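In the two assemblies presented below, subunit A is common to both, partnered first by subunit B and then by subunit C.
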Partner chain A sequence: MRILNQIIAVCTINLKSLPQRFWLSLSTVMAVALVVGVLLAFLAMAAGFQQTLNGTGSANVALLLRDGSQQEVNSTITLEQTRLIAEAPGLVRKPDGSALMSAELYVIVDAVKRASGMKSNIPLRGVGQDAPALRDGFTLVAGRMLQPGSNEIIVGQALTKEFAGFDLGQEPRIGGVTWKVVGVFAMQGSVFESELWADLPVVQGLFRRGSITQTVRLRLTGADALAGLQRYSDDEPRLKLKAFSEKEYFAGQSSGTVKLIQYAGWPLSIAMAVGALAGALNTMYSSVASRSREIATLRCLGFGGFPAFVGTLVESLALSLIGGLLGTLVVWLLFDGFTTSTLGQGFTQIVFSLSLTPALMVQGVVLALAVGLIGGFFPALRAARLPIVAAYAQG
Partner chain B sequence: MNDFSIVLANLFRAKLRTSLMLVAIFFAFLIFGVLAGVQNGWDNIGNSGADNRLVTTNKINFTQPLPISYIDRIRAVEGVEKVTYANWFGGFYQEPRNVLVTFAVEPETYLDIYRSDFALTPAAEAAFLADRTAMVAGATLAEKNGWKVGDKIPLNSNIFTNKSTGKRVWDFTLVGLLEPAKEEANPNFVLFHHKYFNESVTFGQNTAGYALLRTVDKSVNAAVAEKIDAMFANSPAETATDTEKAFNKAFASQLGNITLIILLVVGSAFFTILMIVGNTMVMAVRERTREIGVMKTLGFRDGRIFRLVLGESLLLALLGGLPALGLAAVMLGMIRQLVALPGLELSPPYLALGLLFMLALGLITGLIPAWKALRLNIVTALGRQ
Partner chain C sequence: MGALIDIRRASKRFVKGRETITIFDKLDLVINEGDFVAIMGPSGSGKTTLLNLLGGIDRATEGEISFGGVRLDQLTEGKLSGWRAANVGFIFQFYNLMPMLNAARNVELPLLLTRLGKGDRARRVQAALEIVGLGDRAKHFPREMSGGQQQRVAIARAIVADPKMLLCDEPTGDLDRKTADEILSMLQLLNREMGKTIIMVTHDPEAARYASRVLHLDKGRFIEQGAMA
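Our next item is the complex of A and B:
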């Protein structure tokens, strides 16, 4: 009990005397805040990108690609194959008995980024009338759906924010043809919000693809119907297609970019953390040095070495915790929800928002406390072992 | 005892404190050095292109092909010296993950336009031109995949199907290795005959992925580009012609604003050490107040005291920063082996910038304590506990 009281007393003294070492303590707080800020900005980028892809696609929607294609852009599916797929088992059918399906053509077109003014690749998707029904969460936030057979396009909400020339009512020129933006759609921040949609036959005509499409989307009666669909395709020599659930397809698309961001973020943060650690050690050694008489006095009064140790450690942890929280707060205020885009695996831009999740905040605070723990441990050891006589002899 | 030894003695009187500051400075400059190298490689992506090379692509996007008939029409444009073309093959070797940058090219013109960038031995070039199933590959790429000249190599395409087999695989003979002919060049790709490609694919015949041309001089670039694009305006395949540099830059910028990210990270790292070192220097000099009073009593002039303190912070910045830039250069050399991005190095301008930052750090962190020391009144100094 006595030792506990002593610890509380020493901690209180340490924390209350912090203002005496204001600038040096502040430099530790800022250093830790910046380290945590850099780490979290990178991790929030990776998390935001991953969320955009993971949030795309349902387990009940099947996506068929030519066997061997990893991407929509290099798959081909013929009209005959599309007709055969429509007869597969386990599909949700419309009241007239036809399958709820959408054969789609995915081509890459140029658009100018608002931020940089540079040309970038964006996807133009030729879709059928069932396309919106095959995507959970599809809503038109402005305008109307496109008319089949016309040069009308609807654009994803994220795309209009990031790229110029695709606002509602504008008439962009693509491939020598003038298009009209008649609607803007949202889809819970998924990849599709980075796309332009137009009528399939119109896109096929413009890009001279005949009746070829690249993917077929279907709604399954349940997630377990996927295996049946794959079997159906394997048993039919004219098909030879690979069936994915939309969810697994998009989850597989994120790993490369996410890893790249994380591989860049962690080493940088650790290098910065070592620098901040040096700063924290410095601050705490100075703190012990400036209080050496005080500590010696307490020891004379019968205080043990252990409370002196804990007191210094707590001071260091408190500083780094404040720094960690400050860094988290700044990233949250400045970057959470910040929209940007990068080149995805489909060779087109994917617009995503930085996302600071609670799990990431925990990682940031843990890094801060690690700096505080190591930065406080050795100075605390010195405080505990301070020879009383020497402390008085000084200065 | 000269001034430099006084500075040294002052700097290392608190060995632990000084080493900790050196560590902080070291890591900040290490981050600067490595990221400056990355930025340099990034800048270089655009600059490796020659001044008089233009790229003509389909206006819709560079992934859309052009009719092959366009090539001869471009050749006829005044100011165009040489034209070649290439198709993206979507090649991979064995595993779909092992993607190879593979182009089907018209060999004579392609090698001619890139002669200043990539070197092929005359024997290898003759072998390449003679055999339409031949391919050449970058030397490092061939080594990575364990290929030797003379090997039969099956390459897969993730786009095209081979008419003769119905499979998406083509057999090639490796006849030569491409070496970089200048420092910034990076032949990290595979080339084979467009003729072989054209006669064996099931679709996409008689198309060129994009056209590459050399103009007679860079001064005619704009006029040539304008003429080509005007020639195909309102045709089914309109074109966009740009310099090779601008094209490469635009492509690289699709990844994101790398420069901004680097700027923010380096900025944070420097701000951190500025805080740490600045405060510590103030503290270190304050501890020496009495001593400075003694020095002034002994006749040290104010200016000399000022220089001594400033010299200390400058020396600290240089001792921490210089080895860091050295290590950064070594690390960049190691990364360069892995990612084969030429220009991934500390170029002289960035090296100079690093030195400038060291001087700035030393001056800024030393200025306040040096000024305080200069203004110090002897009586107060000696009186202070």
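Our next item is the complex of A and C:
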């Protein structure tokens, strides 16, 4: 109890005397805030990207690619293969007995970013009429569905925000042809919101693909029907296809980019944290020096060295915590929900929103406290070991 | 009354570069319980060093220092801290109050080292402030007080835990004559009425007049002059 009283008294004295060291303390707070801010901006980017891809796709939708292909862009599926796979077991069928499926073509086209005016790649997806029924959460938020056989497109909501020329009613030129935007769709922020959709035969004709598609999507009767579908493909020599659950496919697509962002974010933040650490050490050594008379007085009164140690450490942790919270707050205010785009694995831009999750906030604050702990430890040791007589000489 | 402090053949030396500086050598001194001792002497004579040894915040290079039969030179740092908290009240030239704490919180500091609860601590703090005539200034901060009032708060802090001995290092060195006399009268009162043993280092012969015993420390030796008043 007595040691606790001493610690509380020393902490109170240290924290109440902070205004006397305002500018020095502020510099440490700002340095830590910067470190945490940079780290969280990177991690929020990775988390937002991951959430977008992980939120894409259903476990009950099978995605078929040519065996050996890992992405839609380098897959090819013939019309014959499409017809054969439609006979597979375990598929949801429409009242007329045909499978609920969509053969799709994925081509890369140019678009201009609203923010920078720079050209970027975006995906134009040629889809069948069942495509919306194969996407959970698909809703038309403006306009109407495209008419088969026409040069009409519907546009993902995220894409219209990020790229110019795709607002409802606009007539963008793609592949030398004028199109008309007749609808805008939302899909719970998934990666499909970064796409343009047009009628499959029109896209095949315009881009001279004949009857070739790249993927086939099928609605399964259940997630466990995927294995049966793969077996069906393996047993049929004309089908050399690989079946993924759509959810599994998109989760796999996110991992590389997420790792890249994280691997850039952490080393940069740690390098900056070393700089902040030097600032924290300087601040805390100055703090101990300026409080040496107070420390010596308390020691004269009978206070132990341990409370002086804890008091200095608490001061350092408090400054770092303030810095960490400040950095977190700034990132949250400026970047949480901020929409941007980056190159996905299909060589097209994926629009996503930065997401500062509670778990990331904890990581930022932990980094701040680590800076405070290391930056305060050695000055705290000095405070605890300060010979009383020498402290008076300094004070 | 019996001996409270017994210093036997105490020496204090500092090593500065290649040079060894002797502050005093084989010093003997006995201070009885209830004494009010003024230690005078020129600058550098070792007055403050002696006070630091008596307060257990510095150690003699050799020799014995006993307080009520307890050998201070044999106590560990931790035990010395406990001994100081229980037996010594310090009064400094520049008061050494915590500027961010009010008078009551400053006075309470030594009581945080005791087993007293919050209520008992508050009562003793108020009593100590009443003794020094500042019962109505408990909530005031040092910056809101004159030098004399700050020194009174420092005295209240020194006596609040009821130590046997008060060590005063130039307690009136920063005060005008009138205020200094008030502070010295208060120390005299604490000595006579409350039986506190007081050891005061001072340059001021007027201050020394308040003591019952005056010691001159010069070239590492004491010259006893008795009471000056």
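The working rule: the second predicted complex is superposed on the first by the 394 of 395 C-alpha atoms of A that agree within 3 Å, B and C clash if a C-alpha of one lies under 4 Å from a C-alpha of the other, contacts with A are read in each partner's own complex, and residues count from 1 in each chain.
One rule holds in what follows: a contact is a pair of C-beta atoms (placed from the backbone, for glycine too) under 8 Å apart; a residue touches a chain by one contact, two chains touch by 3 or more.
In this text the structure is predicted, and so the values were computed from the model without any measurement.
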Considering only touches as defined above, state whether A:Gly176 meets subunit B (first), subunit C (second), both or neither. first
Partner chain(s) touched by A:Leu26 [first = subunit B, second = subunit C, both, neither]: first
Please indicate which partner A:Lys16 is in contact with in the superposed arrangement: first for subunit B, second for subunit C, both, or neither. second
When the two structures are overlaid on chain A, which partner does A:Leu369 contact: first (subunit B), second (subunit C), both, or neither? neither
Contacts of A:Val38 with subunit B and subunit C, given as first, second, both or neither: first
Which partner does A:Ile108 reach: the first (subunit B), the second (subunit C), both, or neither? first
Return first, second, both or neither, reflecting whether A:Ser286 touches subunit B, subunit C, both chains, or no partner chain. first
The answer for subunit A against subunit C in the complex is residues 1-2, 5-6, 9, 12-13, 16-17, 293-294, 297-305, 388-389
Write out the stretch or stretches of subunit C touching subunit A in their complex. 52, 55, 57-58, 77-78, 81-82, 84-86, 90, 92, 96, 98-101, 109-110, 112-115, 157
List the residues on subunit A that touch subunit B in their complex, please. 23-24, 26-28, 30-31, 34-35, 37-38, 41, 68-71, 73-74, 76, 107-110, 113, 115-116, 118-121, 174-176, 207-208, 268, 271-272, 274-276, 278-279, 281-282, 285-286, 340-343, 347, 349, 395
Name, in rising order, each residue of subunit B that touches subunit A in their complex. 16-17, 20-21, 23-28, 30-31, 59-61, 63-64, 90, 96, 158-159, 168, 203, 234-236, 238, 240, 249-250, 253-257, 264-265, 268-269, 271-273, 275-276, 278-280, 282-283, 385
